[in-house]
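Structures incoming, each one as structure tokens.
Paired with chain B in one complex and with chain C in the other, chain A is shared by the two complexes that follow.
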Partner chain A sequence: MALLGKKFKLLEVFDQATNGQYQLLPSRFAALDDGRYLLSNEVGEYLVVTRPDLESFIRKQVPANTDFYHDLKSKHFLFDDDSNVALDLLALKYRTKAQRISQFTALHIFVISLRCDYTCQYCQVSRQTDDKHAFDMSEETANKALDLVFKSPSPAIKIEFQGGEPLLNFALIQYVVNEANRRNEKHQKDLQFVITTNLSLLNQEVLEFCQAHDIHLSTSLDGPENLHNTNRPRPGKNGYQLTVNGIKKAQSFLGHNKIGALMTTTEKSLPHVKSIIDTYLENNLDCIFLRPLSPYGFAIKNQQAHKYDVDRWFEFYKEGLDYVLEINRQGYQFVELYTQLIINKLLSPFSEGYVDLQSPTGAAISAIVYNYDGDVYASDEARMLAEMGNKKFRLGNVHTDDYEGIWLSDTLLDTLECSLSESIPMCNDCGFLPYCGTDPVYHYATQGDVVGHKALSGFCNKNMKIFKHIIHLLEDDPEARKILLTWVRT
Partner chain B sequence: MKEDVIIFDASVFSIDTVKRALYRFADKCSFDIQLKDNEITVKIHTDSSDDMVARIKNEVLDQDLRDTLAKETANIRTLILANAFSNTGLIQ
Partner chain C sequence: MIKLHSKGNQPLSVVQHQKPFIAKVTTNCELPFGLRAKHALMMPVADCIPDGFGLVLLGHDEPCQTPVNTLRLAPELRYIKDHDVIKFYPDIAKIDVLFRKEANTNSFLVTERCNSFCLMCSQPPKDIDDHYLVDDMLAALPLIHPDTHEIGITGGETTLVGDDFIRLIQAAKNHLPNTALHILSNGRNFKNLDLAVQVSKVKHPDVMIGIPLYADYSQLHDFIVQADDAFDDTIRGILNLKRCKVPVEIRVVIHQQNYHRLSRLAEFLVRNLLFVDHVALMGLELMGFAKSNLDGLWIDPYSYKNELKEAVETLTRHHIRTSIYNTPLCLIDESIRQYSVCSISDWKNDYLDICEGCSMKNSKCGGFFSSNLRKVSDHLHVI
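After this line comes the complex of A and B, so read on.
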């Protein structure tokens, strides 16, 4: 720090600013689709500008006392003799944004069992077997994982139970919840639990346990009955019925906000975005996450991911978002979560915790996965890759490695280092960078390299399209803007 | 496969600027680059039906601005970061 500080001839820099001329503050830009540009700074403040304005800004030719000058100054793109305080302010904002890094892992995923009663074709990890011991997590493994959970410096900790179908090993969920609560008497963290479940096994005992411990449920709902059952085959072909019955039961027993649903997009979903959203409305869910198809696991083996490209997915997303906005216009609050995430990044200084859109990668910084066998992975995608036989992102095992061994593992440090988008070609001067992220596991899975060439990257292509679209809505569609602003979390 | 040639004046654009601009088209084109007699000659090979010459020329102009911006603000950027992370224990 001291060394860094000495390199700067601070006074000179400030003196230049008093010559009646302004100094540029660090910023980046990206072309939007219509000849305009998005100009953004380190902390994500932005302006939409024309090419001539952009050029005159960078060439320091913007006359003071114009509106444009004022905008540039108040949003911290330049400073002059009476705004030197801008530097401190920017530093403060950057620190707020970077807080996530120092808070470290907040989400801990326990893979309770790989067994599942479904045979979803896109599922990367599940096993169809009655052999409980082969693919269930043991108490011993869970205890070791809890040791690591409580070493995390984060003041808020979320433990998420995943599978396969975690309710097939409900006894262990009960054990972990009780044990974590017992340990937390000493640690006093803000502790939350989530069970990710297909709800087939939701019964009174489970509901009462969830109620007693304030546990949230997260389920999968892919759309109307036909689509859901094709995507998620189950013996008896009654997956849809089981799921919506479960949602109803959970809503009435636990409360409306204690259950949410996630959808998986497959090629079959693409023509049906409206009826997918209708299904969510019919089931009294107040938000949807229009997710891209994951390129991992069986999805890659099935060549599913290649069957439709980002452009087709984007049309699906755009049509869906239009429909969601229409629903809002009719007076019903219904949120698309991916858009909400980006709106918050654009309009609020608080970093969000979605692992896909973070730099450095959220892997292991905001999420860590304890597999049923004790293996520790940097993210859910990393364990899916491992189930396909590639353990590149395995950080260690709870039975053989300690906290330091896992957190300081070369795998993690290398991945973090490579994933600082500030140093990635193309990202380093991209105007979308403050809102974007890196996805090393995705780039490794698709390009064999954790950084990846962004011109060839579906991740980059998808994000650029979404950013451009959302900025277009904010700038050019006042009605949409009004709705989107209500999605900003305060 | 189409072929086109663009020539840039090396006293106006640095070869780094040109290369950084070309990098963005790796999904659509491949390139041969030559620097000779103060001229940067870029040979473009592409299957795309877009007007790649116009797009690349624009991108080089953009990249030139990006490089100016980055150069002008490099010091101050480090200063802000150092300031932001002081007292967090992340930098010693």
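After this line comes the complex of A and C, so read on.
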């Protein structure tokens, strides 16, 4: 290179690698569409490549000194004799991704009461009854559960109050919040509270308590009035109004970011994704989670889960995401949460705490459920299954088992062992593995087996479609990419 | 451009110093007698010269009566002010300005030796015994005004001064506990964890080690720094420093050889070194080797506008503190101009005729290295 002074040596002089002699680092691939593949490594870095490029990479025929070679090297798909620091970096990244496992159980769900003022057809757990004692959690049970909460290594602890309708047993919520705060003086955890409520019973007393203790609210909003009231029937047929009024009250009293809403998708929701999203916009909510219908509880009994299949749901999701992107294009930041989760999984070196997309499963690692009667479940879905009569994922009871007994129970350890994507047939060869998870409870509920056959799995089918779609948007739609990148949070 | 060294000083009386004399400058003729011997008295205008000062510097050309150790300053050094620190070489009447109270940055060169040989090095390495540089800094530190915002240590490769490296950091902490310390190093020697541990043990309250990384893969980085294994050593060095919780800044000089990998490098940083404390993306300074390798290095910053934008977006999206240095503001995409920092030391920055009337001149735009004026972008325009 005559461009440099005589004292300087050429690039080749510093290249200690031999063409064609690179070594492959662990990676997987998956077909994206007719011509392209996703190539991902163990820590979730990825490249979108053509078939010939993929083949030449694997056959070690990528010529050094091409951008493709450098991309493969920089993203740790290969290393050569010129450098081996890739191994240190990969190890570090793997540790970073896996760190969540050592800091387990951040989310503790307290099922405060199974009683509910709604009669939702898809609800898996609620009970209509006036007998408080039969289905409310007691102080004694709550205390035992708190003993377990503070044994978790996780530096951040979130206690979520669920039901039924937890506000029907508000006194116990107050008790748990005060007691947890008192105990936390010693433990010094980053402690947060969430109440998952339909807001019917949201009154001034509740609001003031939430304000005083910085408690978040999470509610259900299924869409426009008609749809919401059909999905979530309430004697009096005023569920939608009560919810919307509650959201407004909470937003103005507690602050905008202190209340979020979740939707459940039913067959009736499928044609209405835009008006569902509009309902969220009307109510000043800045994100939505387009959820598939879960296959548990009454939903399975009602055959709801089978009434529409994953393909139909995916159309619903895609249409919804298109609309969300359009909203963003108009200058209004509005986020679809599942997409955001995947975007972060694709682009961030950290792992995301979402229970269903983890390997090993987030059950008991990310979240644990204390039922009203003291039974402990590995996840919310496990509890729903139990309410249907199948207690397969019951880990113990706060009154009879101690922390070690529950977290080291065979039920949990077996489940965790069966939930490593890396050792599950199909997953272990799948390019989407770093972004995916296993959801043993789902596979057990639908296939009678915690591992499940992924070719028949709605979970796999759904996620694969979503991964492909999001990667397609990132790669081929610069405008969508720009918006999606603003959803990254570190 | 301000001159920091001059031999054009004229002794007007007997010079009693046998060895180089490092002293703080004062303009106070009334300084208590006990303090005078260690001060250099600066006299901007003709006046009666008091006795007892270690050195007297005349900043004027009037004739006057002269006690011992009196010099007439070279005209280019007459800006010297209170609290500046100078070094006087009695044999050649040379003065180095080691510290200027008014400067936006004060850096101490502690060695010219280096274990790399970067294509664009602005301070080409010399394999000489220059240990006096460390001694100068150690002598100057106690004289520096304690309110000083930041001082720098540069080389050469600063860690090559051996044990003195830690002594310098310790001395900076002892004498200037409220002053930030910015150290430039190629990071390679920190591949020995021990050195990183020693740095962290000093517990300097505000130290930052600036380490260059020029590419996202080894061959290119090693070529640019002209040293085998430099990429691996530097990455391991950065990891070790961060393991010891020592703040690290990544410095990327952008030029013809690496601009096309800039956005990939940003992705590499986000994925692998997200924990660094600052990333500086820097335009080329046409000094030293950069001048002799001009044809292989020069690129109009306008031609990497998009790469720069993408890199800044990637880094900031993941909350890495990011700055753009040494780049005319009019060549930076508007959406990322907020990350541009006027970084060129005040004694070497300049503007062009074309900048006349630009609202950014002397404010948000740092302009040019004086050394760069002869090679500039074709795309400059007033804003």
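Here are a few things to note about the model shown:
Criterion: the second predicted complex is superposed on the first by the 470 of 490 C-alpha atoms of A that agree within 3 Å, B and C clash if a C-alpha of one lies under 4 Å from a C-alpha of the other, contacts with A are read in each partner's own complex, and residues count from 1 in each chain.
Keep in mind that, in the parts below, a residue touches a chain if its C-beta (ideal position, glycine included) is under 8 Å from a C-beta of that chain, and two chains touch if they have at least 3 such contacts.
All of these numbers come straight from a predicted model, not from anything done at the bench.
In the superposition on chain A, contact is made by A:Ser348 with chain C only, not with chain B.
In the superposition on chain A, A:Glu45 makes contact with chain C only, not with chain B. Using the contact criterion defined above for the overlaid structures, shared-chain residue A:Arg28 touches chain B, although it does not reach chain C.
In the superposition on chain A, contact is made by A:Asp88 with both chain B and chain C.
Once the two complexes are overlaid on the shared chain, A:His70 sits against chain C while remaining clear of chain B. In the superposition on chain A, A:Ala212 contacts neither chain B nor chain C. In the superposition on chain A, the residues of chain A contacting both chain B and chain C are 1, 4-5, 7-8, 10, 13, 88, 92.
Residues 20, 23-27, 62, 65-66, 68-70, 72-73, 75-86, 88-92 of chain B are the ones that touch chain A when the two sit in their complex. Touching chain C in their complex are the following residues of chain A: 1-5, 7-11, 13-17, 43, 45, 64, 70-71, 73-75, 82-85, 88-89, 92-93, 348-349, 485-486, 488, 490.
Remark: chain C residues 117, 119, 216-220, 222-223, 226-229, 231-232, 235-236, 239, 261, 264, 267-268, 270-272, 274, 289, 292-293, 295-296, 313, 317-319 touch chain A in the complex.
On the chain A side of its complex with chain B, the touching residues are 1, 4-5, 7-8, 10, 13, 23-29, 31, 42, 54-55, 58-59, 87-88, 90-92, 94-95, 98, 101-102, 425-426, 429, 453, 455-456.
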